[in-house]
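First chain A sits with chain B, and in the next complex the same chain sits with chain C.
Take a look at the complex of A and B:
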């Protein structure tokens, strides 16, 4: 199975950034069952990287792999909306939830 | 106005161009995104928020938010500057394809203001000074934690009251008239005032009252910032007492010096006449050594008192030492030599901090010893006739045995 490669772009060490990171960690742990590679990039620390990737706003979560490439911006606390936005069919948790 | 909403909605000439012009004129950023988050349309306000960056065809990302509410995001403009925006989104049909319209409200200034307010709030609550905010009529609208700590009144007790709550009765009417004249004329007053705590006790405080004006120049609030001077006053009193004690000791020291150096001094006529000016360290070297040993131990105890807040009987030991020095007819020079030799011996090979403490504490100790010695002479001098003065040698022997006894 292909690994999911997810990159989260945040701005600084703010409570909002921390919350975004926590949400992503939770989604990865609960829904992607270890088949993921997660990177967090602070656009203040690596502005060129953000510029190269044409990041216009934060928090932006990018699913680079598997295709198709998808981006979402905003509040990552609703797991199902995040998975839907990234075009990811969850491997575990979401299906279990649906089955309940 | 010629436009009537109902008429406009029904008017077939209300075309797409009009809708786009409406979008363009909106103060909020409006962005239309396709199903993948690619920008299909952005109005002028959106372009301004992104610093004039070209947005069409760029992948902003699909907006998501918890529930139906909004999400706060940071927008990055073309120069890399970061602003704050409130993001709202809705899905709709755009020219026959599913799309999302995202509105972005610039909240950069609001966030900065909120941060400033939060900081001001933190400063207000955590200031060590007590702070009272009143309306122009004097009614208290806010107090901070330190106000409660200092006065004993809680926020709830203070609210709705006036600062007269703290009135001590220690100041006359003229005092307050001058205060209010200064506030009315100069916009502030600064000075010391005695107030009364909730428990009835009085306390001195250093108070600054300032007028706060609103945008129209009208007095909106008065702010009083005060610090409790109780501890400061106590410290000042203790300092003054220590200064007086030092002054007194120095005077005693001078008096001893004078009595031993002025040729026609009655003490010198007795003591100096009998024993000349040979220093004790030479005339009674053995006993002097014992005295150095004893004085050294007393000095150690004094430093211990200071370091460990214990209560070794330093003053008692100094008095005994002074008595023995008195019996030996010791002078200020002997005391100075005793002190110097002891310091040299006791500070050898010890940590610098301890040596420093010993030298500093030694200054007080030697003054106290001088004072005790003078008291000894004052007490005993008149009762000791010149002819009956004990020989230094015999006294030396007696003390020698006493010193040995003390050291065991």
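Take a look at the complex of A and C:
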């Protein structure tokens, strides 16, 4: 099973940041069932990381593994789009079918 | 306000030649300036030049790029001699790369802000101790995100953050028309304090670049459009006539025109710091007069710089030797420099800058231009007028004598646009005219104007042969030469006219 490595970039402890983090945790729990590794980076504290990754918008979710590299921006409230952006919609569907 | 002192707006020099004059000192310090222009109007060059000047003065700079990648910016700016890569290595310049990443798909899922961008700019400003920030260009951000309202709000936040950082910033923005809305996406609304417009107008098949300061809140600037050009190795150069003050010193020293009779007609020669215009139809001896003027340098221990726009060096030298003047020796002795260029090879602004450069380098005591009207071909009327004022004032400031030739479009009589622009600026005007008399083409010369001196008012006949120009006696009994319709006046009529004036004087 491929392990997902996800990084979420946020700006400070704003309601939007909190919302992004909560949404990501929820999606991971529901869709990725333990096969993930999640890091949250506050760009105010580590601006060089944001510079290296060329992050503009926050929150930005970066899927580093498995390839391809994907980015989703926004507070991740639209679950369907998040799954589409991370290329795991198909996977989620497969799990569902297996479950049935 | 906790005891803060309100001070007048300070200015920060941009290092763009001429801009300090137009802006009366530079950009308002600690403020944000919107730089608006169409595609290809040199916004990026302006923005980078501003940073480079800061680095030269020991101030750090940050370049935020939304459009090109930092590598592209660096390689594009090399042609201006700006080693941005070196500045980055030395910690004087930082890039914030916000250019689109083509290899990455971005999906938007929910609301977002540009907090990371602001954080990165703040970080970069702190890293290089930046005093100057250039953001290039705002419009490109909108192409990266779908939510225009959010992006506009976030850019406003960036502008507020920049103000807090106490940096002087340039935000470039595209516009779609040269004379229309200031900027796309309504970004001008939040940085409307200071607005500069760069234009690149196509006028009569010629590009004319201008810069205009639309407004500087709370501080002074020159109004209107000023032409500029972009030169490899230098960047933007603004041609500002505001520098052209009418405060030339005036000299009573005379220099020879190279023709003794003409010197006499002018009351002893041209003045040391005057501009002389020689106007005439094609083939009537303008280049000969220029050649004589050039060789006059030899008699008086002068140095002469000749700009030739019509003939090649070889032609000029051959013609001169045909009239018994040795240009080659003069050149070897360092008394003469001939610069031959086709007017079409560059724009008039570039010609002006190049000519100024040549004059500064050679330090001549006399300058000849043959002909000014050839340059008229490569420019619009307005551009040409600015050129003429620019070059004449520059020559006068150098306290050298300048001789310009100008071709009239008609064979007989007539004036050219060149003269229209230049006649009030020049100190002396010599007219060479064809005179058709009794089925014969003869030539007449007259000193139309000679500022600050008595001169011969007569129209005198001249002939050209292997030795040059020979000025003879005045035309008598002929009127209407300048209008191109010479008429013989009968002798009794002349006497009658003469007696009329005598009577008036007698009263």
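Everything that follows uses one rule, which is that the second predicted complex is superposed on the first by the 87 of 100 C-alpha atoms of A that agree within 3 Å, B and C clash if a C-alpha of one lies under 4 Å from a C-alpha of the other, contacts with A are read in each partner's own complex, and residues count from 1 in each chain.
By our rule, a residue touches a chain if its C-beta (ideal position, glycine included) is under 8 Å from a C-beta of that chain, and two chains touch if they have at least 3 such contacts.
Note that the structure is predicted; figures quoted are calculated from it, not measured.
Asks: Fit or clash for chain B plus chain C once both are placed on chain A?
Replies: With chain A as the common anchor, chain B and chain C collide in the superposed model.
Asks: A:47 contacts which: chain B (first), chain C (second), both, neither?
Replies: Both partners, chain B and chain C.
Asks: Does chain C touch more residues of chain A than chain B does, or is it the other way round?
Replies: Of chain B and chain C, more residues of chain A lie in contact with C.
Asks: Touching A:65, do we find chain B (first), chain C (second), both, or neither?
Replies: neither
Asks: Applying the document's definition of touch, where does A:29 land relative to chain B and chain C: first, second, both, or neither?
Replies: Neither: A:29 stays clear of chain B and chain C.
Asks: So, does A:75 touch the first partner chain B, the second partner chain C, both, or neither?
Replies: both
Asks: Between chain B and chain C, which residues of chain A are contacted by each of them?
Replies: The answer is residues 11, 16, 43-44, 47, 50-51, 54-60, 70-78, 81-82, 85 of chain A.
Asks: Within the complex, which stretch of chain A touches chain C?
Replies: Contact set of chain A toward chain C: 9-12, 14, 16, 19-20, 23, 43-44, 47-48, 50-51, 54-60, 69-79, 81-82, 84-85.
Asks: Flag every residue of chain A that touches chain B in the complex, lowest number first.
Replies: By the definition above, chain A touches chain B via 11, 16, 43-44, 47, 50-51, 54-62, 68, 70-78, 81-82, 85.
Asks: Spell out the part of chain C that touches chain A in their complex, as residue ranges.
Replies: My answer: residues 96-98, 101, 103-120, 122-124, 141, 144-145.
Asks: Would you mind writing out the residues of chain B in touch with chain A in their complex?
Replies: Per the stated touch rule, the residues are 36-37, 50, 53, 55, 58-67, 71-76, 80, 82, 85, 87, 89.
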